[in-house]
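Two complexes, one shared chain (subunit A), two partners (subunit B, subunit C).
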Partner chain A sequence: MGNGYAGKILVVDLTKRTTSTLNTSDYAEYGGGHGIGSAVFFDLCRDKTVKAFDPGNVLTVMTGPLQGTLTPFASGRCEVQGIAPEGFPVEWYSRSGFGGRFSGQLKFAGWDGIAVTGKADKPVWIDIRDQSVAIRDASPSGDGLWGLDTVEVEKKIYELVRKGDTADWTDYGGSRDSGRSTLNPGVLSCGPAGENLCRAASLIHEGGGGAGQGGFGAVFGSKNLKSISVIGTGSVEIADPKALMGARAWAQASWWDIDNLKPGLPGMYTSRPSGAIGANAAENVAGRDNSCLGCYKSCHGGRNSRGLAPNSSCFDSYYNLQSKFGIQGHTSDNAVTTDRLQRLGINAWEGAIAGPWLVALYKKGILGPGKQIDTKIDFSDYGSEAFNKAFLEAIAYRTDIGKVLGEGAARAALAWGRYEEDTTSGLLAICAHGYAHHYDARTEVEWGFGTALDSRDINEHDIALTLYWYTSMAPLFGVPYIMPAKDLVEMIGSTLLPYKDPMMLDYSDTGIYSDAMVKFVSWHRHYNRFWKQSAIFCDWGVTDWINPYTEGYKGLTPEVEPRFFNAVTGQKLTFEEGMTIGKKIWNLDRAINVLQGRDRDGDALDEWQFTTGAPASHTTYEIPYVMPVFENGEWSYKNVWGRMLDHAKFEDWKTRFYEFEGWDTKTGVPTKETLDKLGLEKVAVELAAAKKI
Partner chain B sequence: MSDNEAKEPKQLSRRDFVTGLGSLGLGAVLGGVLGSAVLLPDRVLAIPASEGYILVDTKKCIGCDSCMLACSITHHGSASFSQSRIQISQNVFEPYPGDLTIAQCRQCPYPACVEACPTGANHVDTANGNVRTVDASKCIGCERCVSACPFTPSRALWNGAEKHAQKCDLCANTPFWDKKGGPGGKQACVEVCKMHAVTFTSEIPIQSDAGYDVNLRTKDGSAALLLPTGDDGFFSPGQVAAAKAAAAAAAAAAAPKAGH
Partner chain C sequence: MTVTLTQPTEEEAALFTRELSHEDCFAGYVFKASGQLVVTVYSLEHAIAFLGQNNTDQTVTPGEQFPGHDVQVAYMQPQALARWIREAIGDVELADAIEAAVAEVPANTGYPPQLHAMRELAAQRLLQCYEVLGIEANGEDRSEGASEQEES
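Now for the complex of A and B:
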């Protein structure tokens, strides 16, 4: 009986130009996705202290059992992990994810994932056609891929892989039974930014599907790897196809119906039923909302009649809006700018955080032609098409100001002697570890504290969508809440298995430092590590905590996650058992970070979050911040905007968090007992050898 | 072409048959030997029309390929692109709507795939609403049906894993699904299409060599999703205004009352 896994993981050694395989079953205890990726990294990366651009860094691109299987929110997702160049001051081992169709092609080619080690001596691309794997010449004298942008290279690979009539079936292998496909291959590439080791370089698939955070595009670049292409003509067996079809029908019935439209809720699901905001790139011309493989949510960005910025969604297209709405009122064409960003392969967050900061320095007379920070780019024209072209190309090609800024805003600030001042004032609003402020760490603390404890901006919207966006936008829209705060936190609290404690959702001034918040941040780290990053349910699909389309607005969590997982794998995994696997993966990641030097001091947030209650410089959308609070014995919705964090209280909270996790309260390092209990004995051995425990 | 226009009675007249020969060029069957063929009054052999057809609207599709996965899973118990009898081919870099094509079996009135089969494996299944389908046990692997299909890509396809030809049977034979399929039942591709961009009809759509492509974007929801409600690929200002008004009215009507 099948179980949703393809069964093998491809290992490509670019130094030796050899390939080998791992059995996925050897890593099945981690479920899939990031969990397996971390376990493979742990085994293949001998020295976890190597730098991100060292050939010894191991990059994994992983799927799991649900990918390619019709599981909504999960089928089209992939996880990428490795030592991440974007991390600051240490390139913390981290992860990123992307959607699209790559996952299905990889699975149907017979691979659950790919691990890339070493460094090619000249530019290459990996050409996977089912079980056939070739390391091909990407240099100008070869297939001519190096130097191309992410759109050009993908189109070129389509031509290289699909010879002949691309409207017809393409034969792979030449014999009747060797496999055919009508589809273009799944391609994952770095752009010029990755080639030039820009630390915020993204990996791009199909124009806008991107693994942005972490800078893994630059890891591709450092390995002289331009692209991975995969065409899969095979199949992956499902344990219980009838149960899978039944689960699909059940989940689908709890979603909007395009021909019988019922509005969503303010903030959670915008004016568009899908909640898709890729329309920013579409700019009101006819187009197609796109979904990732096997999902019906259609939030994978828009495609427009101009063919620009396909599949770009959310913050991809908000880079330009920072200038459009934020600073000087320029209105360059959003689709054009987003397209440029994606083609160059730059993490949109980097441009977004750097722009307003640099404009402020320009206005102060610190930045400009002949100034302390010398640049020929005309910052008086910020937000224009000409500016965006000059600015983004400077970053990607490491020219002008991009020579330094290509190192990322944090390292640039350090090089220019501005880091301490500008991250204390908030002019440069880095949340933690060199990553941009995203949702507010001072108000929505599961995001902030989670990011401090993790290796990057966690980018997990469970609370953000439900207890910030919805609860803040409903009153602004003049729409009454669906239920009182007490009922809402009890409804969501009942899903926080095994705790079922609504007090975990108290975002009052005292609640954010409470033991209940310790418990919630722990729950949140474990939930995301397994269900969203290893089973790889998309962050925009689950948690489903408030559902506009069900009776009583009750979401599909915690049923939806194990129901699909078990239908595909044939297991009987409970939601809580998934949480335990998540805890194991969370501790494995923590151990890798500890080997890199992580300690208690590394679990920090940048200073401005302790010194000011003002909005972050690069965001325009976070006021008010209405969240549930428990004060004077009652639950209510309250605007908690303007809050600053307190160092002493945060440090005390960290101590209790470490204790709760089974970590040393002085160092923040998982204890041997904790690791052994989780089945991570060999991890404990490596930590002991490094004198970390 | 609108949805309403794309319908025609399913019973073929002799005139329909002759017209079909001329415009479609799908291969006439004059004096051929086909088990499920019928004789028209003037002794021209014809084939009973399928009692069901899959309609698709490429402009309404969101490209999730769920129909492909559902087809493969319900027929074979495994997920696959290449085993799917409906093929969604996408090139995201082409401007909309040319970024996506849908290739579904047309259940041709005069099925070249059936005609080409030397063993009767590819046949008209009279027990299941005359759907054109393949009896895998009779397939000898010659792939003549694959070659004979007049459409590109061929809607009859080769299953290299199970080693037989196959084609859309409107889910008449879906051993891995607990729903009744076939023209009188459900179709997996239709059931998983949240956009209703893949639908079922029991009436023969009007078709030409260029195929048929109906407009299923008939409701306010399509406009709310910024899908073009006209076939020219663009919105008119009037469409935008109408869509906004309709969405606002629907929102007002459905807005929760205080204390809900």
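Now for the complex of A and C:
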């Protein structure tokens, strides 16, 4: 009987050009994905203070037990970890994730993950065919992969691995039933942006799956690593196939039943005729339902880009909304730009944040030909296809303005002497750590405070989709709420195990600084660290907190997560036990950041969020941003737009958060007692050796 | 019902279609589940393009099917947009028409009908200006068609 794990982790030392293995069982206490990735990083990265582009940086690409199985929302997910060059001013150790089918191929090949250490002396790619691992020449004189964009390189690798025949069976040795495949390998690559050490370079899989935030594409580039390709012809053995299929049938019938669509809620779920979110095969011949491995949700509808598969569907298709040329989010024109972004391997958030800021500087006469910030790129043409080509290629190839912008908007602003002014006014909308404003830190504080405490924009949409997105979309479309605010927060609050406290969801002016919000942000960090980043449930599938398929709209959380996990692993892990593992991983990550120099001052948000209630521009009108608040003894839905954060209150909140987590309240460093209690004794030893505790 | 705006003079048309300075810009707000984005607009044409980023004009009643996570709303508060058109662009008639049209939208029908009214009037004005100035609207969908581009 299996347990979902392949059992081995591949370690590739690019400097020595050697490979070795780790036993997954030595790390199974972390569950999988990011947790195992962090633990492996901790063991293999001897000096955690090295820079992101130092050969000593260790990059881990990890799956977990659920990947490669029929677990929806999880099978195709993969996590990436390492010291992240996008972080500012410190390249904090961080993570990113992507979907598709790379994770499945890795598992089918017999690997739970890959750790890449060192640096190759010339461009290489890693070619994994089941248990056979080769480090191959990617240079122009070798396989000619270096310099290709992310789609070109995948196609080239398909040809190389499948010996030119991508239509028929390819034999990789072994028997008839194991050892051959009709599939292309799963490929993860950096684009030209990564090769040229653009700090916002993404890792791309199949054109539209991307690990965007963190800049891990540039870590590939710094290691002279173009791609990792993997083809697996085995399978994933699980503990209880019947339980897994039962869970899948239950989830599909209870949630996103594409054969039995229920009336949706504004902004929630799907009601597309094709039955798939973001896709419409019936009315757009170029598009089709498009899912990650094992998932039935089909997020990656084909109209936002023309990648290989899965196509782009998220913020990567969002970059061009600033255009004045009427290019809408789903037109073929936007697909061209989205594909360009993906092919070059640039994190779309970077373009989205830098674009309007640079246009403003252009309009102010600061940027332009012969100006203080000199560029030949025509910013009067912003948003056009010609502009996008020139602008994005400048970043990826580090030419013109891209010489500086390739360092990321934050570092560019610093280099141009504009960081303080523009992040105080909000003209440059950085939320924290150099990462773009995403969801509003002032209103939706679990996102903002979580980001301040973490290493990057947290990008976790769970509560955002229910208590901001749904609650704002309903009035925007004139639709009555499904229930009063009191009932909604009590329904969701009952799932916040082990606390079950609806006050954790109070987004009033006082509620955001309350002890209950301390508890919620802590819960949110632990929940995401384990269930979404280590068990690796997709952020767009789990958490389920409002569900039109169930009685009373009650979502499937907290039942859905352990039900799948236990069916695959054979464990009897409770939701709360998963939360404890999440706390352990959260503290491990924190300790790594502390070794890098993280302290209380590093838990910060950029200043504009304390100085203005307006968005990062000139809008002063009220925008619907409706959330639940508890005021005067009653729950209600209230527009909390326009709120500014308060430094003193935030600092006081941080102190109470540290105390709640078991961290030193002056420094924000986990105490020895806390680490020991979590089973992180060796982490405590390393912190003590570094005189951090 | 959409009013017909007075044909602008050549001078007015040039005024209404000019690109503004950063100090006079306006901003829209894109609601999208994957993230939020403030879009700074510098001209009437740009504002219309922004309003076209909306991917549904659907007015919803309970029990209806409705675009889910992929719904995208291009939000400009109607009164604020009218004020910007009046004060920054200088088109008093269009501003008044937008305010009047939005005021006629029945309560509790939400934002989509308001957006539709704003976009229709602004697009009418832009096409008038193009005509007066002899500018041929290109094939890019800048106005009316924008409402049809996405719904599917």
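Quick notes
The criterion applied here is as follows: the second predicted complex is superposed on the first by the 638 of 693 C-alpha atoms of A that agree within 3 Å, B and C clash if a C-alpha of one lies under 4 Å from a C-alpha of the other, contacts with A are read in each partner's own complex, and residues count from 1 in each chain.
Here is the rule we go by: a residue touches a chain if its C-beta (ideal position, glycine included) is under 8 Å from a C-beta of that chain, and two chains touch if they have at least 3 such contacts.
Worth saying up front: this structure is predicted, and the values here are computed from it rather than measured.
By the document's definition of touching, of the two partners only subunit C reaches A:L465; subunit B does not.
Touched residues of subunit A were counted for both subunit B and subunit C, and B has more of them. Contacts of A:P670 after superposition: neither subunit B nor subunit C is touched. Contact with subunit B, but none with subunit C, is seen for A:L293 once the two complexes are overlaid on the shared chain. Looking at the shared chain after the overlay, A:W540 reaches subunit C, while subunit B stays out of its contact range.
Of the two partner chains, subunit C is the only one that A:V359 touches; subunit B does not reach it. Judged by the touch definition given at the top, the superposed model places A:G578 against neither subunit B nor subunit C. By the touch criterion stated above, A:G215 is placed in contact with neither subunit B nor subunit C.
By the document's definition of touching, both partners, subunit B and subunit C, reach A:V479.
With the contact threshold set out at the top, residues 261, 263, 271-273, 284, 479-480 of subunit A are in contact with subunit B in one structure and with subunit C in the other. Residues 2, 68-70, 75-76, 101, 104-105, 107-108, 151, 154-155, 158, 165, 167-169, 176-184, 206-207, 232-238, 241-242, 244-246, 248-249, 252, 255-263, 271-274, 279, 282, 284-296, 298, 302-307, 310-311, 479-480, 482-483 of subunit A touch subunit B in their complex.
On subunit A, the positions that touch subunit C within their shared complex are 261, 263-273, 277-278, 280, 283-284, 313-315, 318, 321-331, 333, 349, 352, 356, 359-360, 363-364, 429, 437-440, 461, 465, 469, 472-473, 475-480, 540, 615-624.
Partner subunit A is touched in their complex by these residues of subunit C: 21-22, 25-43, 45-46, 48-49, 52-53, 55, 58-73, 75, 77, 79-80, 108-112, 140-142, 146, 149-150, 152. Subunit B meets subunit A in the complex at residues 59-66, 69-70, 72-74, 76-83, 87, 89-97, 99-101, 103, 141, 143, 152-154, 157-158, 160-161, 163, 176-179, 188, 191-192, 194-196, 218-222, 224-228, 233-235, 240, 247, 250-251, 254-260.
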